[in-house]
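Structures follow.
Both complexes shown next keep chain A, but they swap its partner, so chain B is in the first and chain C is in the second.
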Partner chain A sequence: MATEPEHVLSVRDLRTEFHTENGIFPAVRDVSLDVYRGRQVGIVGESGSGKSALALSILGLVRPPGRIMSGQVLLNGRDLCLLKETQLNSVRGREVSLIFQDPMTALDPVKTIGKQICEGILHHNRGTSRREARRRAIHLLEDVEVPAAAQRMNSYPHEFSGGMRQRVMIAIAIANEPDLIIADEPTTALDVTTQAQVLDIFESLVRSRGTAVILITHNLGIVAEFCDEVRVMYAGRIVESADTRTLFRNPVHPYTESLLRSVPRPDQAHDGKLFSIAGLPPSLARLPAGCSFEPRCIAGRGKPLCQESRPKTTSVGEVHASHLAECHFARERHEAQS
Partner chain B sequence: MVHSILSRLSGSLAAIIGASAIAFLFLRVLPGNPARLIVGPLASEETLHAQMERMGLHEPIYVQYWRYMRDFVTGDWGFSYGAGQPVLVQFQLRFPASIELGIYAFIFAFLAAVVLALLATYRHRPVMDATVRMLSIFGMGMPPFWLALILLVVFHEALGMFPGPGAQLSRALTPPPEVTRLLTIDALIAGELRTFANAFQHLVLPAIALGMLPFGYLVRLLRANLLDVRNEPFILVVRSKGIGYWAATVRHALPNAFLPTLTASGMIFAQLLGGSVLVEKVFNWPGIGSLVVDSILRKDFAVVQAFIIVSAVLYVFINGLVDLLYGIIDPRVRG
Partner chain C sequence: MTQVSANKRHQTEGKACEGADRQVLLSIKNLVKDFILSRQGLGRQKQVLRAVDNVSIDIMSGETFGLVGESGCGKSTIARCLMLLERPTSGQVVFSGEDILALSTLELRRVRRHMQMVFQDPHASLDARMRVHDIVEEPLVIHGAGNRNERRQRVAEVLELVGIDPASATRKPHAFSGGQAQRIALARALVLNPDLLILDEPVSALDVSIQAQVLNFLQDIQQEFLLTYLFIVHDLVVAEYFCDRVAVLYLGAVAELADSQELFRNPLHPYTVSLVSAVPVPDPERPRRGARLVLSGEVTPVGQKQQGCRFRARCPLGGGRSRCLQHAPDLREHTPGHWVACHFPGELRTPN
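Moving on, here comes the complex of A and B:
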């Protein structure tokens, strides 16, 4: 068993539903997900595919009317769903932390940057003096390459640019050296050059500390660059999971294939028109009886099998269940590729 | 910085002058001759004219205004013929009672609004939320004088928990030496705790009656702001650090929710300090509100005019205070 990598996070059959006046929306539908120590896992999918709901479910921060209905979230072997709120408060920020998508609204506008970094440090390290926390906070700001860190401690969020704020967010997230960081679209709101800088800083920090990361994004370029593994989410399910190289080379699920084909690739010839996926994702309140991707599928649209029954997760990988896809034609499609 | 202070000060001055000018003009234009009221209906035309001469009523209105303002800033607020006293003396006698009542009414309204808004937005509890919303509507819709009567009937007559109307202090107690002229504060300064407690008891019912309406308004505002702020991503980020619900609410949500209510609070506070006619009447409170109404009925110009100017100064002053507070609470305003 020594060769088996160690789990940081193991999500089992997690189901999160939003009970609203307009019906029940299962944003996360019986999802299982494994993250190993020090590995970077990307979760990609369209808006509304349940990526953020999954992230908040892992942290136990789904807000009403949302609720975790069933399943387990095992973090370092402990099921977070069974913990009391006070116990969760000692896990959040110390074992798992969050980087939020919009740096403009993710910091309290009326508190200094320094206070907001120190808050997490002081919370998880009883007996730490304010001065010591401050010293550590300055170090963290230096780690994320905020210039003149000591002076910037007393600045307010509005005095920072978007990229600088996202660096502060990263500093807050790594403050207590968590085992897992969930980064929900960490660079979406930034321009491309800032995006690259922030991502570089983030990557070197988590690699050097051996921190596992769940990177939620719809940017496949970032996934290719940053992640070891990828999960593709569609309508609340993980429809394909593989290591990054395999997924980009041999996408099995038609949805993944469509996603990859809708990204412009300078290295490949085009006839001028970019591929796009027809239609819209289904409403979670009224999911089709069969495969949820069937109405938009390049492979199975109109096929009775796809319309009538939900596909099972199929392993297509050579090595132990490393490449999974939720498609009736997973095997055929995989064989056709190789 | 200097420029912004100067422009603000000149704006304040303009507001005060404008309010005083309009008040002056309206009161002169209204029918009825104040000199006639003083000399009585049976006095001859000659006596009337002599009185008008003495009061300067025959002069052009801008001269009257100029003279009035000149005297006002030097502390001569005119003479109240109705009361037979200088206006300034009347104000010194009646204003402190209104200010004290206003302060306590505001404290009640503000504290109750904060507590109930926090309860209403705590987790997802529709019953509590609906109750608070009902209280808010109740507070805003209830006529204060009627609430005052109900409070008196229940807590004074039936339960005997609080003293009745007609006094700020029980007769058995001697008032503390005058420092601020606010009874509770003066009692504390003199170290007379029993006097403080007694004065406070006298304040409870009128303060609640007066504070109910602003409470209803503030709790509504705060509740909505808290719900908005709670949906801000930064609250989620705070929670993801491991900070508990209440700590996150008190440390982060509440200060942000206060910001939009600050201006309204300032306005409410200024209004409460200016006294309330109906509540003062019901509790027989020796405040400025009832004095002003009596003076209006008597056409006692000097009192009404002074009141309007003092109110304008009060509003301007408290608005300035609010601006200052914004600078302290909201770093984005400091600039």
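Moving on, here comes the complex of A and C:
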């Protein structure tokens, strides 16, 4: 068992519900997720599939009307769901940090960049002098390749471009060398060339530090380039999980397959139509009795089994739990491919 | 369906080679749009941002013409100038042989019904307080088309065409998902039976599966109604897939213009080369088309006019040669149909 990789995060049967006037929305439905040290895990899915709710749940940032109903979030073996807010504050930023999609709303507009980076350092390191914090902050800005770092310390967020702001967010996220960074659509607001710059910087920093990353994105291209493993979410569940190569080469869940086929690819034959998934995702308040993907499914639509019972998670990989899919036909589909 | 679609691609490819038998539907000539940034203070020099700098493009009847580029490159401003949502500073916009900038308001209305626009965010571009039926009917009312009964029939027809149940047209836009709302916006644009649709990032706000539905639908109605599309998009993969010809804009000017496949497979401008190499490819077995070529810096929409090539500060070729420093390169036809504004076209290749 000595070779067993080390867990950074282990989420067990996590359930988060939003109780609103219009009903109960289970945004995260009994999800389990393991992240190992130094691994980059991508979470993909359509809007409303529960990706961001899962991230917020892990960090204990779900706010009313949302509530974590059950389950565990074990970070370095400690259950974050049991911690008080003050205890969580010492975990967030130090053991786990978050990068948001929109840096303009995540950064404080009335504080200088330097002050905001120093805040994080000083909060988690009692006894560090301001001078020392400042020196480290400049160093961090240099790490994320902000030009003229020492001068830019005194700038305000609005004086930075989108790409530069997102670099500052990365600098803040890595300031205390956390074990895990959760990045929620970190480059969605950026242009492709800027996105490429930011992703390259981010990747080299987390790889050199051995930081585990959960990257939430809807861009399958970014997952293919950046992540070691992928989890596909649909209607609050992880419906397929595998390492990146396996998932792209042999997607077992019909949703994964449909998702991959609906993306136009460069160099793709230009004739013919794009594959598209019929219908819309179900409302979380009124989930079908059977498989939640059944009404849109290329394999199971109309089949009584799929309509009546919810599929169980099935292991189809050679190594136990290396490739999981939540589909009644997971085994058959897997065998048909190989 | 696949068969028909393949045929269509075939035809358009033929067109790119022959060129002569197609008519120009929309001709943009030397379009310039300046924005005045600040003129506070008496006697202070006003700062001018040239968002569109001398752009000339001919769009053929029946084709899908793509405008791509990073944010701030002027692609949306061009679209807004074409619809006269912004008054161009100078230049001509010739639609079906008429310069629309020279027309009176009344004449303009007559031309406008032949060109319609669809915006990026359907929930922002549809009036939240109007019922879907009224939204789609409004263009007919404005243009005085038909009586009430005929209009109702036409609205139902168009809603059915875009795949929205006409029975649900009494509801308001918020009752519809993003993909459905974008179809309603399309219905509003199609109801007058236009010749040209200006599509400003119509699928950027949609999830991939819905994006595919909308793109397929756009392809279908293009064949059915012989529509011409001006397609503004920042997603290069969508541009390559969907457009017949593409122009790459950089800081308000065309850097490169060619047949879509030619442009993405054989980019000649160093800016296009780096854009293409920056696109993440959804295939872990074959990561990227060659190594990524990361551009330094970001698009800086500078107010003052700088000398030489507008791309030279970020150019992977260095941009330090005297021609780059002194002369802004003109857009020249490098090979038939492939235009590029660079002194050294093709010198930088997609890295392998």
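Keep this in mind: the second predicted complex is superposed on the first by the 334 of 338 C-alpha atoms of A that agree within 3 Å, B and C clash if a C-alpha of one lies under 4 Å from a C-alpha of the other, contacts with A are read in each partner's own complex, and residues count from 1 in each chain.
Everything that follows uses one rule, which is that a residue touches a chain if its C-beta (ideal position, glycine included) is under 8 Å from a C-beta of that chain, and two chains touch if they have at least 3 such contacts.
Remember, it's a predicted structure, so these values are computed and weren't measured experimentally.
Novice: Based on the superposed arrangement, let me know which partner A:248 touches: chain B (first), chain C (second), both, or neither?
Specialist: second
Novice: Touch check for A:221: first (chain B), second (chain C), both, or neither?
Specialist: In the superposition, A:221 touches chain C alone.
Novice: When the two structures are overlaid on chain A, which partner does A:102 contact: first (chain B), second (chain C), both, or neither?
Specialist: In the superposition, A:102 contacts chain B only.
Novice: On the A-aligned overlay, A:22 touches which partner chain: chain B = first, chain C = second, or both, or neither?
Specialist: neither
Novice: Have a look at where A:208 lands relative to chain B and chain C in the superposition and call it first, second, both or neither.
Specialist: Neither: A:208 stays clear of chain B and chain C.
Novice: In the complex of these two chains, what residues of chain A are touching chain C?
Specialist: 46-47, 161, 163-164, 191-197, 199-200, 218-226, 244-245, 248-249, 258-260, 262-268, 270-277, 280
Novice: Which residues of chain A touch chain B in the complex?
Specialist: Within the complex, chain A contacts chain B at residues 56, 59, 61, 63-65, 85-86, 88-94, 97-98, 100-102, 105-112, 119-120, 123-124, 156, 158, 169, 172, 175.
Novice: Spell out the residues on chain C that touch chain A in their complex, using ranges where they run on.
Specialist: Its residues touching chain A are 1-2, 5-6, 9-10, 70-71, 177-180, 207-213, 215-216, 219, 234, 236-238, 240-242, 261, 264-265, 274-285, 287-289, 292, 294-295, 298-299.
Novice: For chain B, which residues count as touching chain A in their complex?
Specialist: Touch residues, chain B against chain A: 123-124, 231-234, 236-245, 251-252, 255-256, 259, 329-332.
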